[in-house]
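As written, the chains take the letters A, B, C and D, and residue 1 is the first residue of each chain.
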């Protein structure tokens, strides 16, 4: 039988920003026997998880669940609402924003890729990858689009590649201030269920998410939360679509069913995850992630290393990007840490490859696990000969000992 | 915690033609902790399951694994090879062939839907839904396509809605006899790993399959097996695609990785399933399904009910469609059996709705489980007042007792 | 990893009278991470399962849970209440009564072994092994014990080796009618939670049970339910004891703890089992077992084979002993059935070895599973050349179809 | 379903010296369906785990496996070899040695309890609880026993209550030097499979162990390893016994079976544990525990707190006892740490109650988990106002970073 026995002893420290560590309860739930996806027991399950996801997205409108990765849910957002050649306004905040933009191009759309200009003097990294979405730039750009060619504004809520969480409500205000009819589409794949998110209140038309981050499931299911305006677009949107088509799914979801075979066992896990999240309360879950994030940043500051996120108000509760000193290959450091301490960290992606690593602090975790993680990083820095200003572990211990309830 | 406790006692009898009963070993495997999909342990797993799936498809060419349902793999086959408006020759063999044809239309293709004409006198059902693919008709149609407008011939190997297994090699011979360059695309979602299947030897260009049938996994991953000719088509095929794009996946698969987050935990299950299948030998697995099918047919014959499959050479090893007498609502019968005996049977789909039910005999099963199933059906027939000619259970017992090794 | 892969395909039919098939929910529960057996979480679990077991035994008095097999709980009953050389009145009802009697001898006690005399003319088997406890014989024997040398009457409630369920209340009435102070000790290892059992109402002093039968757990924990009179005996009982000592356990159980390390993970399973049993209602559970038993007996009668239990009022709801015709080696038959159909049946034990086999119908089961089981037995009888009068499967189907609610 | 959800988030840190953290593979293994304990599949499993346990104990002689806690295996060692009133020489090394001595008294034996005299000046604790077994004292005592009244010398290998690992080979040399025929009985409940242990080479007659320590299983099975001399004693030993009787078990073990129902599912786990231990190599497992122990001691030294073990050569690889400063209630500290950081530490038992706590470093663990643990303790010390000399976490990081392979 599969043993996954490459770990010398004990639990692997999975500290990447997703897939996140999956709680034991959820792992047991997904191992229950598969049932008939057309039977009454499944229908009840289907209705329950859809209602639960509406609560997580804070929406009264339909949520569509796909058997796919989060990337599939990006595609679904576009093909249900767009026609070939449609213009989009997308915002470069990092690697995942870039991938979504490339996808739009592949699908025959015309995305304009808005970015903060310039390079950060201190680190040499692009400014766009250290800051959040600039709503002012969006407003200016939309104001210039007098013919309303731009069909949608697409932003990433929590940039998994950088650790910056953008202000989505501000983007909605910018669109409204420009009196522009563009849809607002938001990727909250790594934000949902770890960071506060309000689909309806923030006026989002399509929210995109996935299972393997704040929902603490293995990868394999993904989500679109819709607005009535987005749903209405399916009538005119001309991109070909079948698998991703909302209409048929939403119609069958009324009974708790899907047009094709849904991912039964991961939906067991989703049911379990929703029980856990609502049992604890989403606000408590968000506060927990904020506290973890602040503790990890205390460590990074003590080491004397810059965080990728350059804006104090936008630090992600989900992950922290750490920039390595010039000349230090962040991936070599990660490899050393993985081999010596069985600790997985996130790599630098795209334009920051080799210049940073990412510490995930999400999912089924706690303060001691994070302190073990920080100890692994600190030992790795030492072994790699990277000079550090002080002990990050000490700083994080001081933080966690004093501030258990960072609301 | 989720309890799935609607079953009064004991194991639910999941006798639909997929999702199939999942072996206990596989359920445990998918519950192992999620790992980093970019780490070395995952890479080894990825390479292992891809190589294993090549062995199952009997191909030396790439096999692409998607986080999706089988429906997604249909779409992948089309969007990677076709351009808007391309003509397809599809063959009506039942509900799933019809769904694939509708999908092609939705995607902007022009499928011609070839079907055996007429209605069966005895049952009143369409002939096309009781017989396999007629290779002769295909050859005739292709021969008339002098300009080679038809880009692909699409057939279903094992029609899950009828219980007819078509002769795929004959379709390849028909295409070749017509000297036609069309691709051959085959849906073997419910055939693979239960029935003999030979991607390379039969000259298939794209094979489509899914996890929740002969592979004995929960739903959630799906497959495309490719030919070099199919792969070459991606250079000219103009349907928009991103998530389904073969090129990037095949390139990253060399290392055992995927461009987006793969379904880690179901891939653990796939690894386990492959160990089980190869440990027993695929030929033994096929023989087992043939034996089960013959035993179930012995029961249906004893009841005096017709099977949906009207061609003795094409009975599916995976499922048996049973036609109910005129006036008997097959779905009311299924409901009675479900409520009284906790036994799920497959419904009649599309043109045969209410006229038949399907008994699945695939996946993690055995002779006694099938006899329990047949007993449930027989008691249900009695309780519903359906006259039967004799005891199907007796006939199946006689068969299984005498013929353990139907090679 | 351990694969337990000797089963060719599908679920093994575990139709022995214990260990019984364990529900999937319970198997998942016992796989949750082990916790500190001295921590507050465990204390809550401990109190919960003890209270639940009091409800199952129908007692207001202490229930002691041991990490041991049921055999250990036999020993515990004796060493906590007896002194070396004490006389016991035990009743021969089959193999397990005999084992308990042998144990008493090993422990230095002096058991008198009361048995129905003679041999059954039809089968040649001892009468004692085909009937229940004769309360009249007990009353007569106690009446002759004017000095009250007999310290306890020990009987087996549900004889797992024969399929006879004795009338425990009648034994209490017999003791009282003889105005005898002997304790009443009852082995209900295979009766509890499948058959009605009332520790307090029936005046039992020590009830002995185990986990792997009606409680549907794996083996590994066992039980003593006590009366105040039994508990008081520990002050004078002189058999050496430590591990089995009630006093210390009962004292620590008040907080939900044990003097030594309890079997944490099986106690998770016990918690889950209690949730299932109380969720369904014990009366419904008992009715289910009675119905199963009647269905199986219908089959045995149709085959024309005698049941081991010769008293129509005492048929066990848990198992049915089936006597094979003279000259038929029941163990050879069992072996054939195991090899051909992956079905485990219980062997004939002790004085009935080779003359009978046992069909378990307990735990996580249902009607179709039992019909599959009966089909396996019927095919085995045919293959072994054992003449049968008719189809047992047909008879059982007729029974189950007509009589779903045998209250 | 049982949820064990008292943990706010993430994995509980189970850092008591047993039950130890159970590997995920083992938890899955014990959740596989229960099988017939009399069938051929079980027989193969039984033979495999017995052979494996012989390898772990390093013995060619029988190993007996009980469904019981380790306490039961203490009792088994005594009742199989002793007669009422027999004299034993037991050695006080801590709480568990004391419990075994009390058990011997309860069973009617006459243990003499040898102890290092006096109290440690620095800590006020009994010397006997800070040092290992003094073989010299044993030799002197046996030399005085000219009539060989002493039937056995009983020592604890790894005292779980103190963190001292005694030299068992030295005890054997002492017995031999005194030319005394007493049996040597050794409790290695918490030593086996974490520390080097050699039943045959060290001349041990009965070794006692349990599942929930180095074997990394949940509690519920326990072991006796025997010598031929010990086995021969069953012929003359007169303590009553049945459940614990070696003879019948050893006889049935030849086929892989037991006289009563064995703990099937924990034996699955044992099979898996043995695969893991032998796969890594026992020497590597021992070295790992030594390294962990040294790292934890580096932390304790940096805090400026004494370890319970006062002899540098005898520090346990399994746990470290930490003495709190006068006036600091160690249990209040443990409670604070448990509530704030979800970390379980071992309590001070018996004579050291309130004066010390124990850090377990055994089972499925690794360096980062231990650093998280030490961070929890260090934060707890700070929050409790306990003055510490320096950062134990820093010291342990320095140790682990520099010394990965402490052979």
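In the analysis below, a contact is a pair of C-beta atoms (placed from the backbone, for glycine too) under 8 Å apart; a residue touches a chain by one contact, two chains touch by 3 or more.
Note that this is a predicted model, so its numbers are computed, not measured.
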Ask   = Using each chain's Cα centroid, which is most distant from the centroid of chain B?
value = D
Ask   = Any idea whether A-B or A-D has more C-beta pairs in contact?
value = A-B
Query = Which whole number of Å gives the spacing of the CA centres of chain A and chain B?
reply = 35
Task = Determine the centre-to-centre distance between chain B and chain D, using the mean Cα coordinates as centres, and give it in whole Å.
result = 55
Note = Averaging C-alpha coordinates per chain, one finds the centres of chain A and chain D separated by a number of Å equal to 46
Per-residue overlap in chain D, given as positions that touch at least 2 other chains = 1-4, 11, 21, 24-25, 28-29, 31-33
Message = If we count contacts the way the header does, which residues on chain D are in touch with chain C in the complex?
response = 1-2, 4, 6, 11-12, 14, 16, 18-22, 25, 27-41, 44, 66-72, 75, 79, 84, 103, 106-108, 210, 212, 218-221, 239-243, 245, 259-266, 268, 271-272, 275, 338, 344, 347
Note = Residue positions on chain B within touch of chain C in the complex are 3-5, 7-11, 13, 21, 24-25, 276, 279-280, 288, 340-343, 364-373, 375-376, 378-379, 382-383, 391, 393-394, 397, 400-401, 404
Note = Listed in rising order, chain C residues that touch chain A in their complex are 1-3, 24-25, 28-29, 31-33
